[in-house]
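Once you scroll down, you'll see the structures, which are given as structure tokens.
In the two complexes below, chain A is the common chain; its partner is chain B in one and chain C in the other.
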Partner chain A sequence: MNSLYNFAVGPLAWAAFIILAVTAVWRLWSMYTLAKQKDASSVAYMSWKFSLRSIANWLIPYKSLGWKTNPVLTAVTFVFHICFVVLVIFVTPHQILLENAFGITYPTLPTAAADALTLIVIACCCYFVYRRVTNKTVRFVTRTNDWVSLGLVAAPFVTAILGSWGVGGEIMPLLHVLTAEALIVAIPFTRLAHILFALFTRAYIGSEFGGVRHCKDW
Partner chain B sequence: MSIQDRKIEDEGLAYGVSKLTTDKIQQTFQALIDNETGAKLKAFSESCMRCGMCAEACHFFVSHGDDPSYSPVGKVSQTMTKLLANDGKVTPDDIYGMAQIAYTECNLCRRCVHYCPIGIDVAYIMTTIRRFCHKLGVTPQYIQDTAHSHSATMNQMWVKDDEWVDSLFWQEDEAREEFPNLRIPMDKEGADFYYSVIAPEPKFRTQLIYQAAAIMNEAGCDWTMPSMPGWDNSDMCMYSGDFEMMGRLKRQHFELAQKLKVSRIVMGECGHAFRSIYDNGNRWLGWKDYPVPVVHSIEFFAELFEQGRIKLTGKIQEPVTIHDPCNIIRGYGLMDKLRYVAHQLCDNIVEMYPNREHNYCCSAGGGVINCGPPFKKVRVEGNLAKANQLKATGAKICIAPCHNCHGGLEDVIHHYDLGIELKFLGDLIYELMEKPE
Partner chain C sequence: MNKVFTSILMVFALVLTVPVASAMAEGMPEGRMDVPELAPFKYAPAVFDHDPHNEKAGLDENCEACHHGSEDGKKVLEYDEELPCADCHTVKKQKGVTPLRRAFHLQCITCHEQQNKGPVQCKACHQPEK
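For the complex of A and B:
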């Protein structure tokens, strides 16, 4: 079990990150070249000023019409994304892995806090599930890949908290690493690709609204 | 509900679909994806999280009892998502429904952009579906008729060249009774600007040409109206998906200005025509900027007031509300100028909410009203949201500086019995300005 775990956090993790890096760069690069080739009349209006203006305004909770109209989803979305990023970077085991690999040290979250944040992420995922089932519009447009993406995101957190509680013994940390690696590899090929593209689509529509339409897009 | 449960009979759609095969659909879709779409469609399609936040943005959705099949994402899901998932392998019957959604249940108003964290442009996706349907020959009969008219006459309403010139002479003649020195200078080379209108003006709103001539005359403008094709700035081809024609129309519109050696073009109170020059037509032609400067009537009137060139006898005292047309407000940011002009004319402006770039569409725009009577009910019932907005203001007059908005709002006002009078800015300026004794 131990050697499996070491393999998972060692070569397999490297493989996952390399696959992510290569495929993410490839996806972004091919999207960029495709945009230059086929969407030149849109790329022509791209502007740093309006891109950043749009991104900044959409990063403020309850600023846009969309955030205002969906208050609960807005809260859950912001909390989910913030906790996700904080946990990925600041849980002690992740820092230790980074230290072992690259010698990087920085302060980390106490276990209790990490557990709390993990539970919050899981609660957010539960809300996403609840909404996907109960909201008529969301149910109408939900396809298998939406469930797959949600499952991929939730799995590492569920296994993390179970592991922290000692459920499942040694298998749970291993499952945590494996599910996290599945998530990492899946990013460029699933709905999670919004991690790669959302900033650019936001920047694009911000540029359109700022430069062509002369009004705000939030 | 889905589009399959609400198909509306339309001769154009039925005829087009009757000639389709699954192979032809698939080949046409492949060609569309290979040759015409790119990263925009790909990124939008892949990044949409299906969160449904956009639903509340759409007047069709909120007015049809929150029916998910009318939500922006629901419309995308029944059209582009389905096509992409099946590599274009769908049935002719599916195409009928997709065409009905794209042409008659989306005004391309872009209100949903304000609701989407990812920044997905549903109007672009629906426009792409229309383009696809155009290439398949599946277009609603009425809008296709206007597109045919554009192709045959370079105007939208089958107005013949002599009828156009005749309409101008007629209006000049009529107006000279009220303004003895008035002229509608035709083909005047080197004038400050030429005034372009949409073809429905000579066809059935001819008094607007009279009013415009009166305003230009009293303001002492150095202007002209062209006798040659290109005078019609409208562009239903942009909405039917006939982009080749859209490009020809816009080119002609600008080349006419160059032929007349005018300094700029002033466009009448129309929304979609303006969209076709700043957003769609120019891009098709590969122009980032215009070859000749263009201003919308709102900007032009604001200029006349700023320069004190229009004298008014008084202002409207009763409550007046403002409808912000999507194509010039959310599309071009003229909300402050519109308010400046409106406040010059009215003492008691009551804003409707949401307003400015957040305003609800009239539900006629995007070529929806041009799809004709078969689809009127869905459009009017699909704008209860607008009726409620109008009602809440308590206003008796509504300013709407756009032809399509007039058409759509007239139907809404009539259907919901709101008792509100619709006005163009030109109507009010003409009504209030000083005239010769």
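For the complex of A and C:
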């Protein structure tokens, strides 16, 4: 068990991050070449001003028409993403891993707060599942990729909370690390690629609306 | 898709049957590290009893396996019994010094990894106090 865990937090973690870095660059690069080839006018119209304006306005909850149309989904989306990022960075065991490996120290969340945020993330994932099943429009465009992406995101949080409750002994932290590494590697190849593309998508639409249609895109 | 969900559920069901006791090293007493400098604690202090640990690890009189000394602020391999760890390894970060918590973590985990014996996961040492 020890050697498996050591392998998972050591070489496998390095492999996951290196694979992510290489494939992320490759995905971004190939998307850029494709855009230049097939949609050169949009590339020509890209503007920092309209891009940042669009990104900034969509970062504010309920600022855009899109956010106003589905108020519950908007709330869940913002809560989910904020909790996700906060947990990944500020949970104590993650900081300790960084401290042991690189000497990086910073304040972290109390265990009870981390548990609460983890449960909130799992609840958000449940809502995403519920919405995909019950909303006809969403169900119509749902593919296996969406379910796999959602499962990959939920798995590290489920194993994290079970591990925190002491369920499954030493196997749970191992499963947590392995599922998280699966998630990291899957980012460029699944719907999770929005982590790489979201800002560029926003910039593209913002530039078109600002520079061509001369109107807001939020 | 149902097959996928069923197999995932089966894996979790299997995991639930693994006894938590695997985290408890056999024959290790429940003594704890006593390092008040590191308080307040987010996790219970690590389970550690000096003599039983060393007997189990076969360290005998090999103090230098864990301990070392210092001369003019530089690490020397010879163990200085009069010098508490926290005198040099301050809790707060200082240039050229490994901070106390990191020193302990690296000391325990690195050896456990190299020997492939003893706990390496957070809660295997920081067992919640009953």
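Note that in this section the second predicted complex is superposed on the first by the 218 of 218 C-alpha atoms of A that agree within 3 Å, B and C clash if a C-alpha of one lies under 4 Å from a C-alpha of the other, contacts with A are read in each partner's own complex, and residues count from 1 in each chain.
Rule of thumb we're sticking to: a contact is a pair of C-beta atoms (placed from the backbone, for glycine too) under 8 Å apart; a residue touches a chain by one contact, two chains touch by 3 or more.
Since this is a predicted model, take the numbers as computed values, not measurements.
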item	value
Fit-or-clash call for chain B and chain C when the two complexes are aligned on chain A	fit
Touched partner set for A:169, first chain B, second chain C, both or neither	second
Touched partner set for A:216, first chain B, second chain C, both or neither	first
Chain B versus chain C as contact partner of A:3, first or second or both or neither	second
First (chain B), second (chain C), both or neither touched by A:92	second
Partner chain(s) touched by A:198 [first = chain B, second = chain C, both, neither]	first
Partner chain in contact with A:134 - chain B first, chain C second, else both or neither	neither
Smallest separation in angstrom, by C-alpha atoms, between chain B and chain C in the superposition	18
On chain A, the residue positions that both chain B and chain C contact, one per complex	none
Interfacial residue positions of chain A with respect to chain B in the complex	31-32, 34-35, 37-39, 41-42, 44-45, 54, 58, 64-67, 69-70, 73, 77, 135-143, 146, 191, 193-194, 197-198, 200-206, 208-209, 212-218
Residues of chain B touching chain A in the complex	36-40, 42-44, 46-57, 61, 66, 68-69, 71, 73-74, 76-77, 81, 85, 113-121, 278-279, 283-284, 286, 288, 329-335, 354, 356-358
Touch list for chain A against partner chain C, complex	1-3, 5-6, 92-93, 96, 99-100, 103, 105, 108, 110-111, 144, 147, 151, 163, 166-175
Touching residues on chain C, where the partner in the complex is chain A	1, 4, 8, 15-16, 18-23, 42-43, 93, 98-99, 101-102, 105-106, 109, 112-113, 116-124, 128
